[in-house]
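For reference, chains read A, B and C in written order, and residue numbers begin at 1 within each chain.
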Amino acid sequence: MNGYNFAYLDEQTKRMIRRALLKAVAIPGYQVPFGGREMPMPYGWGTGGMQLTASILGSDDVLKVIDQGADDTTNAVSIRAFFQRVAGVETTTATTSASVIQTRHRIPEAALSHGQILVFQVPIPEPLRFIEPSEQETRLMHALEEYGVMHVKLYEDIARYGHIATTYAYPVKVDDRYVMDPSPIPKFDNPKLHMNEALMLFGAGREKRLYAIPPYTRVESLDFEDHPFEIQAWDECCALCGSETSYLDEVITDDAGNRMFVCSDTDYCMTRRGEVA
Amino acid sequence: MNALLTVENLHKGFVLHGQGGTALEVMHDLSLELRAGECLVLAGRSGIGKSTLLKMLYGNYLARRGSIRLHFSDGPLELTDLPAHAWHPLRRDVIGYVSQFLRVVPRVSAVEVVMEPLLARGADAWDARTKAETLLSRLNLPERLWQLPPGTFSGGEQQRVNIARGFIGEHPLLLLDEPTASLDAANRAEVVALIHEAKARGTAMLGIFHDEDVRSQVADRLLPLDDHLMAKTTHFPGQPS
Amino acid sequence: MNRSVLPRPDLERPALLDVHNVSRLYGPDKGCQEINFRLHAGEVLGIVGESGSGKSTLLRVLAGLEAPDAGHVAYHSANDDTLDLYAISEARRRALLRLEWGLIHQNPRDGLRMGVSAGANIGERLMALGQRHYGQLRAAGQDWMGQVELDPGRIDDAPRTFSGGMQQRLQIARTLVTRPRLVFMDEPTGGLDVSVQARLLDMIRTLVRQLGLSVVLVTHDLAVARLLSHRLLVMRRSRVVEAGLTDQILDDPQHAYTQLLVSSVLTP
């Protein structure tokens, strides 16, 4: 097929990544190093997620790719086209009919079901990196559960802004053990990590780390007793589908400052509009 | 009354390594006995190093030979081989010292300097302050100085702070190194009164007083030292002379 | 001999740290070797000596930061266990440093998180212990700023906006907020103006007394050692050459090197 091995990566590499994924699933939230390969695109465009997708993809899988919730942005379109070409798998934009969903910065609005796999693209896998530049030290901190500094960051937010101002890549504790960076999803999506039916895999290409949240795992967003975790809320509803419960993007419509709020999850929005129509 | 302190055949010397190991003998075969409620005054020519004995009793100087024993209700305690860590509680609870010179943390107020021996025992801060202020006013230290650090005080003012600090703890054994040296008559009389009160409490005191008048008022006995002390011919490095 | 009525004071205090034959050498006589001592509860032990004498190496070994080549350090913990510092797991050792011990660096920038506010610096150890109430963390921060004579109104200011002396006081507050039993101090007043130093010394002395801290203090400044420590170890070329009561070491030094050290001090 096009002179490439199925799903681009060679079988050895895929086996190596699968072994690392098994370890990641066995230790929820723990960052497993893997031998990352060069992908035919630059770092930062989802090379980590793509390697994971390539390793788990089978010929009967149905692949969906989203970028900030949308199926039609450059990144999503290119990656979808890539796997169509090198794996020949069926692709879709419908969340419910996909077996593998690669995502950048969102979890779909539609509830995921048992058997689905969500693959996240991760820029910086290490939640402690902002405070500790040494990899050796952060690993030790994870090993010893020295997580006091995570709350230092949240404390700073409250001291500075009066509330926890971290809105994306909001740190979570997985299965009451490892503190994990859920990738730059909005904190709106954090509750969806908790006890999700789907398997969630995270791949960081530049840093060559992967980690996982197996189905039905407890995932807790860090907070303070007197400043509990809260998700974003909007005064408006989606200007297109009228949803009051989805994550909304603000879209500037002209130079006069007019704007509208629309669902960031295009499939969810289209499906609702189809139902309404 | 019973002996509180016994000193037997005490010897002291210094070895000056900086000067080719010169050995100086400064104290020779000194013995004494001190009872509770008694004030023993060290007598001898000036400049022969009477403070040496006080410094040995306070642990600042090591004895070369001989014995220093404190008598407690359950038996004696030998001080010449007391481990270093035991000196701290011993000084806090038993042996008080009014030195010639005030050595304190700069920028700590006079009243706090005086309170410290009580605070070290965990006394209530308010009680300690009240007692300190009472003593300072008895010693006629102007009230405006109480909240100032004594570093800039005159010699007499510093000495009064030092005396208050020495007497506030009411230690059973009190070493007095020329407490009245730079005081005027009124304050000398106050110190004499403090010593008499301490005696009444049963405090054993060992003191150096140059002032003939004070000496005659406080001394129960004199301890002649001319045969036991030798002036250091060489100034010892690092020593305040 | 007649009977005395004077009750004997309790001169013994429980041991906190036992150091047996500890050696850590980088080269011949570089580092520390054959160190033996016991630290008692409530005691301030000064380690003095010129730079390069091995004081700081010894401190690092004592504080669990650097394994010795030989010998061992036994710590008698709050729950009466005796822990061989380098036989226990690193996790346990680091937990000790976080829970029961404190370390105050000479340079406050080494002990503070310069990027976050004073309040977050003070609260960090509490958060590490599981304190999850923002209001209480903040109250503790303000209380401790007051205790170290910093303006509690500056709780949200970054340490870099503080002067050197204020940063050092902040580091002390950050370390003492969890009430450690044992604190290691490495030249805590080094590099500060003399006037600032005096105030800090008094503060350290008061806190040591009020909290009943045990302290191992490394300093090359004999005046600081005299004011803060009950006992001294004098180090030279990796070895302890003299040990004893602070006043005795400084007034009646026995070893040739100690005599030289004491006689070299400038007194204004």
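Throughout what follows, a contact is a pair of C-beta atoms (placed from the backbone, for glycine too) under 8 Å apart; a residue touches a chain by one contact, two chains touch by 3 or more.
Worth saying up front: this structure is predicted, and the values here are computed from it rather than measured.
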item	value
Chain whose Cα mean lies nearest the overall Cα mean	C
More contacts between chains, B-C or A-C	B-C
Of all other chains, the one whose Cα centre sits farthest from chain C	A
Distance between chain centroids, defined by C-alpha means - chain A, chain B (Å)	75
Geometric centre distance via CA averages, chain C-chain A, whole Å	46
Distance from the mean Cα position of chain C to that of chain B, given in whole angstrom	30
Chain C partner contacts - residues on chain A that touch it in the complex	131, 140, 143-144, 146-149, 151-153, 155-156, 158-160, 223-227
Chain C residues touching chain B - in the complex, by the definition given at the top	1-13, 38, 40, 43, 195, 198-199, 201-202, 205, 209, 226-227, 230-231, 243-245, 247-248, 250-256, 259-260, 262-263, 265
Chain A-touching residues of chain C, taken from the complex the two chains share	90-91, 94-95, 98, 113, 115-117, 119-120, 123-125, 127-129, 132-135, 137-138, 155-156
Chain B - residues contacting chain C, complex	2-4, 14-18, 36, 55, 58-62, 70-77, 82, 84-90, 92-94, 103, 105-108, 119-120, 172, 202, 237-239
